[in-house]
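First the structure, which I've put down as structure tokens, then a few questions once you've had a look.
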Amino acid sequence: MQLSDFRFSHALRVRWAEADLQGIVFNGHYLTYADVGITEYFRAMGQAYDAETGVKGADFFAVRTLLEYQSPARFDDMLDVHVRIARLGNSSMQFLIGIYRDETLLVTGEIVYVHADQQTRRPTPIPQAFRDAVCAFEKVQPGGAKPS
Amino acid sequence: MQLSDFRFSHALRVRWAEADLQGIVFNGHYLTYADVGITEYFRAMGQAYDAETGVKGADFFAVRTLLEYQSPARFDDMLDVHVRIARLGNSSMQFLIGIYRDETLLVTGEIVYVHADQQTRRPTPIPQAFRDAVCAFEKVQPGGAKPS
Amino acid sequence: MQLSDFRFSHALRVRWAEADLQGIVFNGHYLTYADVGITEYFRAMGQAYDAETGVKGADFFAVRTLLEYQSPARFDDMLDVHVRIARLGNSSMQFLIGIYRDETLLVTGEIVYVHADQQTRRPTPIPQAFRDAVCAFEKVQPGGAKPS
Amino acid sequence: MQLSDFRFSHALRVRWAEADLQGIVFNGHYLTYADVGITEYFRAMGQAYDAETGVKGADFFAVRTLLEYQSPARFDDMLDVHVRIARLGNSSMQFLIGIYRDETLLVTGEIVYVHADQQTRRPTPIPQAFRDAVCAFEKVQPGGAKPS
């Protein structure tokens, strides 16, 4: 993971209720942090998530989340959640996540979403307008991206 | 993932606050379910987690969590969280997780813990008594296990 | 609060992620426990909450939650969440909650719901069938209840 | 509740995982918001909470939390959590909380903490330095405050 590959990051502070008896953030909360980071990534890109309809009609569903924990975050830490789209397939996309405290990499993540119909759950192509927005926004062109 | 490889499972019901606007469980909550399953696995094995000292002196820290989502759980669903230790290294162990609703596999998981000193975070060997308990408990002998 | 006034209770175990750095359950989680208890109360009464339509068409919304903490719950504690409806107004109802660990009362609660239209949020009468079910189920007749 | 009585507020955005099937924030999460607001209040006052020792040796424990819900917050809403200490007893203090979205008051709260020894749980006087800091910080002098 190269920090310089990320164009976007979102800062947040660890809440009291997110640290456990070991004094460290419970692992599940990092998926919340990643989700907050991705929401803000969409907003920064000008494609803010619309709770009514999903992004442009269908919706994205997580199909895979991988987190690797290098060093723990603690109560009151300020974290930077770095987010980028590293792969943009026909109906799926892969986010890479890097959660830092200052210069220290705490957690790396990979989150894959599939764009699918809300009722049938069948994959549908990611709209071209969204693909174009990603390509225009990202520093490192995502694998699989075909801008119009 | 072979359901028949699991000796242990724990049943739980999806809480209202765990389902999101899409009507489905937010991905981070499955790590909580896995954690509840692992706590109950320890208890069933006769090695209930002791919050004061960690298991036998040091403690286990998650270093890797992978979840793959096949089908969503919804509010009020009864889930079975299947748990087994599939690999037992010198100071690390790998759990496999299978979350089912009746016969339907919803989420598969892999969670790796390292046994480490709480202060220094340096890995320390998993105690032999714990290893023996795992080997006596599991149906499928974990890779890397060397019972005494 | 009289324990003998409660007909119903639901048992649950404190999860790892619910205990904080002080070793005790973060206060907000008791509202989750109360909510789980109320869901199970509805089920026991034969009026299981239907996520699609709310209970009988409209839905209940919390308007007031009061918790008083006498003694803390800790990780792995088994708790009994006692639940009863103590007042049943025209469009609102008041739950009383008592959370015990064995004989020890840890937290008392009062939760008031209003039955309202999901769109307009205007209060609507609680259906008579629901009122009758409450009156048939409760040990101590709720204040304000007028069974048909 | 008078908005003008509050000197301090903290802004936060509703997270995806905090909105439920009704599209609104689950009630327990407002206690998390209040807790975040209080943490930031302490920081603004120059008495940032020290997870190692509690504030000045002992620690504050919540004994009462009351929330009244006027209007729901939804996913992605920006909220302002207004916080003030309205009463400062010998070993307890009462916070008032007002959660707004723009000009709209959504939730009011009252949270009472007792300052107590972490081991014995017996109340101990709130340190004078802390009392002085509160009196110097607040706009409306808390009831019961006796600055040195």
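By letter and in written order, the chains are A, B, C and D; residue numbering begins at 1 in each of them.
The working rule: a contact is a pair of C-beta atoms (placed from the backbone, for glycine too) under 8 Å apart; a residue touches a chain by one contact, two chains touch by 3 or more.
These figures come from a predicted structure and were not determined experimentally.
Novice: Is the number of contacting C-beta pairs greater for B-C or for B-D?
Specialist: Higher contact count goes to B-C.
Novice: Please identify the chain with the largest separation between its CA centroid and the CA centroid of chain C.
Specialist: A
Novice: Where the CA atoms of chain A average out and where those of chain B average out, how many Å apart are those spots?
Specialist: Taking the average C-alpha coordinate of chain A and of chain B, the gap between them is 25 Å.
Novice: Could you please state the distance in Å, as a whole number, between where the Cα atoms of chain B are centred and where those of chain D are centred?
Specialist: Computed from C-alpha means, the inter-chain centre distance equals 36 Å.
Novice: Between chain B and chain C, what is the separation of their C-alpha centroids in Å?
Specialist: Centre separation, chain B to chain C: 31 Å.
Novice: Identify all positions of chain D at which a residue touches two or more other chains, and write them in rising order.
Specialist: 16-17, 19, 21, 23, 26, 28-29, 32, 35, 51, 75
Novice: Which stretch or stretches of chain C touch chain A in the complex?
Specialist: Those in contact with chain A are residues 16-17, 19-21, 23, 26, 28-29, 75.
Novice: Contact residues on chain B for chain A in the complex?
Specialist: 21-22, 26-32, 35, 51, 59, 61-70, 72, 118
Novice: Touching chain B in the complex: which residues of chain C?
Specialist: 15-17, 19, 23, 32, 35-36, 39, 48-49, 51, 74-76
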